[in-house]
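Pasting the structures here.
First chain A sits with chain B, and in the next complex the same chain sits with chain C.
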Partner chain A sequence: MIWRAAKAIEAGLCQAVLCVIPMRMAPFGPEDDPAWMMKAMRFGGHSTVYGAPEAEFDLPYGHLGQNTGYAMIAQRYAAMHGYDAAAAAKIAVDQRFNAQANPEAIFYGKTLSVDEVLASRMVADPLHVLEIVMPVAGGAAVIVASKELLSKCKNRPAHITGFGEHLGYKSPTYAKDMLYTPVGPASDFAFKTSGLSRSDIHCAQIYDCYTITVLLSLEDAGFAPKGEGFRFIKEHNLTYQGDFPLNTHGGQLSFGQSGSAGGMSQVIEAVTQIQGRAGARQLKKCDNAFVTGTGGVMSEQGALILQ
Partner chain B sequence: MGIKGDAAIVGFAQYKPEKYQTAPQMFHLEQVADLAGQALRDSGLKASDIDGLVINGPQFHEASCFVPAMAAEYLAFGLILQKLLIWEAQHLSP
Partner chain C sequence: MTTTYIKPLPHATPISEPFWSGLNNKKILIQQCDDCGGWSFYPRRHCTHCWSNQVTFKEVSGAATLYTYTISRIPTLPEFSDEMPQMLAVVELQEGVHMNTVLVGLAENEIKVGMKLKPVFHHVTADKTLLKFTGVDKDVQLQHFDSSEVVEEVKEAVTANKRKIRYDDIPTMESLISEEFSPWSNQITVDQNLINEFAKLSGDDYWIHTDPEKAKKDSPFGTTIAHGALVQILMSRLTIPMDYEVIGFNNVVNYGSDRLRFPSPVPSGVKIHARSRIKSVQQIKSGTQVTLEICTHIVGHDRPSVINDLVMLYM
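On to the complex of A and B.
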C-alpha cells in the first residue's frame, strides 16, 4: 500500500494519498449469520471453492490454513538447520517486553516468560499458541504526502526511501524452497533502492504472524545468515532497550493482529519511532527503519525502508 | 525502477486493538471516514489535500466489488478531485 502511494506521488499522479484499512466488525443485519466469520476463518487464506488448487491438493491432505502451513515451514527448518524452541519463544518474550511500554497493546500489563511460551498449548508442532498472533478488532490509516506538502505537516516526515515486493506462490506447496521466502528478494530490492546497508538500520519492524515468520524474515532480509537465525536471536536483545530493537510496539504477537490492518501496525510503529512519539519505548536514535509485511503463508511479502 | 524518497508518511491513525466480542461494531465506511479524519488531524493536512486512495478490496463489509469507488464516494473525494487514483491492495499492508 505505502510504496504504491509513494510511487504514485513521485510519478506526479497525486499529491497526498490516504491508505486505509477498516478492520472492526460491522454490525450484523437481521438476516446475517453471525457464524459466517468463523466459517470463513476456518481455512485461513485457503480457498475452498470448486476448482481452487488448494481445495484439490492442500485441504484434503490436512493443510487446512495458516497454522499448518507455518508449522510445516518450521518443521522443514528443523530438519535442515535444527530447531531451538527456547530461542523461538524468546522472540515472543522480547516483543511482550516491548508491549509493556505500549498502553495500546492488547497484552499491555501481561508479562511473558520463555517457560510460559513453551508450556502453552501446542497448536501445530512446533508452534505453541503463544507464538501465534491473537486476532483483534482494529483498523489503521496512513497519509503519504508529496514533498511540496511537507511544510504544512505537523510531524517529522518519514520518507519512503526503499521498497520491495515479491509474490511467488499462494500455498507453500508450490515454493521452490520453503526456507527461502519472498522477504529475500523484497528486502534486497528495498535496500538497493534506498542505498542503505543492513547495519544502517536502527529498528526492524518485522511482520510477525508467528515466531517462525520473524526467524525466516531476519535471515532472508539479510540480518542473519541462513540457518543462523536462532543464534542471532539468542545473541541479541530484541527489546527497545536492546542492541537490535525489533517490533518495538510489541509486534502483532503482543499488540494484536487486526486482520489485514495488522501489518500496518509495523509501518505505524516505524513512523512513531522516527517521529520520536513512542513514549516509554522511544529509541534513543531512530532515523532508519526497516519494515516487512507478509500475506498468505509466506507467499506474498513486502519490505519498506523509512527515513 | 527505484524510488527517489521524496514522498513521506506524514500522519496516521490506528484503533486500539480490542477483542472482537467487546469491540465496538462499525460499518466499514464509517471506519474509513473516522480513520481518515483522525489521520488528517494527526498530519495537519486538510481533506481537500487528499487526491489519492489506497484501500483493501476484499473483506469490505458494504461491498464485494467497486470498494474504492464506494469509499471515495462516501468521503466525497470524487466530488473534489479530478485525478483520483485508486488501487485495490489485498493482504499486503506495507
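On to the complex of A and C.
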C-alpha cells in the first residue's frame, strides 16, 4: 500500500496519499450482507468460492484458519533445522518488554516470561497461545506525500527508499519449499532499491502474527543464515535497549492486531522511531528502518526500507 | 438414525472431476505433463513446471511421506469437533507433489516428519471421497457414510470410592465450592433429527434451526443451529463424573437458574459435553441450597455454548 502510494506520487498522479486501513475487510453498511461477512470470517478468510483451490482441497480436510498453517511451517522447520521452543518464546518475551514502554500497547503493564509462554496452552503444535497475536479493535492511517510538500511537515519525515513485494503462492502446501518465504525476494528487492545493506539497519519492524513468522522473516530477509534464526535470536537482545531492536512498539504480539490494520502498526512504528517521537522506547539512533508485511500464510509478503 | 455429513465438502470442477471420481473408485489420479513429464497437484489446465497445457490424469499408488503436520487442539471449524485433536498434514507423494490431508489411525507420538504413509479412502457421502493417510503398517477402519450407526462411547461416571456427604453437613458441603471445574462428561451428538424433534415439541420451528438449505444460504452460521434451550436440557443426557455423593435428604428439587446464558451457537451435527462446579452452598429454612455452574461446550471449544447456574434445593 505504502509503496503503491509512493509510486502514484512519483507518476505524478497526485501529491499526497492518505493510506487508511480499517480493522475489517470491508465496512458493514446498509448495502453489505452481514451473512457474507460472517461467513468469510467463519472460514478464516479462506475462499469458499466454487473452483477456488482452498475451498476444494483445503476446507474439506479442516485445513483452515491461520494457526494450523503457520504451525505446519514451524513443524517443517523443526524437522529440517531443529526447534528451540525457548528461543521462539524469547521473541514474544522481548517484544512484551518493548510493550512496557508503549502505553498504547494492549499488554502495557503486563510483563511476560519465557516460562509463561512455554506453559501457556498449546493451540496447534508447536505454537502456544502466547506465540499468537492478540486480536484488538482499531485502524491505521499513514500519509505518503511528495517531496514538494516536505516543508509542511512538522516532524522529521521518513523517506521511502526501498520496497519489495512478492507473492509466492496462495497456500504454502504448494510452495516448492515452505521454509523459503516470499520475504526473501521482497527484501532483496527492497535492499537493492535503497542501496543499503543489512548492517545499516537500526531497527526491524517485522510482521509478527506468530513467533515463527518472525523467525523465518529474519532468516529470509538476510539477517540470519537459513537454519540459524534461533541462534540469532538467542545471541541478540531484541528489545529497544538491545543490539537488534525488533518490533519496538511491542509488535502485534504485544501491541495487538487490529485485523487488516495490524501490519500497518509496524510501518507506523518505523516512522515514529525515525521521527524521534517514540517516547520511552525511542532508540538512540534510528535513521534506517526495515519493515515487513505478511498476508495469507506467509504467502504474500512485502518489505519497506524507510530512512 | 443416520447422521448427516456436516463438514465442508469438495465440489469438483470440470478440471478436477477425474481426481474426485477416481477417489470414489479408490484410485488416485493426478496430472502428468505429456511434454516435460512433471507431475502437478492440485488439478489445473497447465503443467506447473513448463506451462504446457498437455496434461493427462494418471493413476499413482498413493505412496507418500509426511512433509509436515500439526496437531490442532482447537477445532478449525466447530464441525470438526469429532476429530479432536485434528491431525492436519501436508504429504508428499512419491511423484513429488504436495497435498493437504488428515492423518488417521496414528497416535500423536507415532507422527514424524519424513515417515512413510499410505492412502486411506474415506467415503464421507454417497458421491464424495476424501483422501486421508496413515502409517504403512496400519490397518485403519473409517466410518463410511453407509456404515451402520456407531454406538457412542459413554464413559461411566466414577462410582467407586465416592465420598458421601450429608446434605445438612454445611461445612463439608461448603468445602465443595471451587473455582475449578469437574472433569468432562460423556459426549453426545446434537444432530438435525434431535433439533427437528425439539422444534416440534416446543413449537419453535424457526428456519435457523430446521431448514438446512436456507441456513446454508442465509444464516450467518452457514448451517442450522440447535435451540439454546435444547442444548440446555440435553444436560440430562450428560453424566458429569463427580467424586462425591450428597446423601441423607428426603427430596431434591430443581429451583431454577440464577443465570442462563447461550454465549455461542451449537451447529447441527456437532458433539457436546459438559462440566460443572459448585458455586455456592447456603443453609436456608427448608434445607440446603446449592448453586451449580454447569457449562456445556462443543467438544474442543473453550467458549461454552450454555452457562447455567442451576439452583438445587436439598430438603
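Observations on the structure shown:
Going forward, the second predicted complex is superposed on the first by the 288 of 307 C-alpha atoms of A that agree within 3 Å, B and C clash if a C-alpha of one lies under 4 Å from a C-alpha of the other, contacts with A are read in each partner's own complex, and residues count from 1 in each chain.
Everything below uses one rule, namely that contacts are C-beta pairs under 8 Å (C-beta built on N, C-alpha and C of every residue); 3 or more make two chains touch, one makes a residue touch a chain.
Computed from a prediction, not measured in an experiment: that's the story for all the values here.
Shared-chain residue A:246: touches no atom of chain B or chain C. By the touch criterion defined above, A:153 lies against chain B but remains apart from chain C after alignment on the C-alpha atoms of chain A.
Contacts of A:42 after superposition: chain C is touched, whereas chain B is not reached. Shared-chain residue A:63: touches chain C; no touch with chain B. In the overlay built on the shared chain, the residue A:71 is in contact with chain C alone; chain B does not reach it. Look at A:174: by the touch rule set out above, it reaches chain C but stays clear of chain B.
Look at A:133: by the touch rule set out above, it reaches neither chain B nor chain C. In the superposed pair of complexes, A:204 makes contact with neither chain B nor chain C. Counting the residues of chain A touched by each of chain B and chain C gives the higher count for B. Shared interface residues of chain A (contacting chain B in one complex, chain C in the other): none. On the chain A side of its complex with chain C, the touching residues are 34-35, 38-39, 42-44, 48, 50-51, 53, 55-65, 67-68, 71-76, 78-79, 121-125, 127, 171, 173-174, 178. Within the complex formed with chain B, the residues of chain A that make contact are 1-10, 13-28, 45, 104-106, 135-147, 149-150, 152-155, 157-163, 165, 192-194, 207, 255-256, 258-268, 271-272, 291-296, 300-304, 306-307.
Chain B contributes residues 1-20, 23-32, 35-36, 38-40, 42-45, 49-56, 59-62, 71, 75, 83-85, 87, 89-94 to its touches with chain A in the complex. Taken together, the chain C residues at the contact with chain A in this complex read 7-13, 16, 41-42, 67-77, 80, 83, 86, 88-90, 98-102, 112-114, 128, 130, 132, 218-222.
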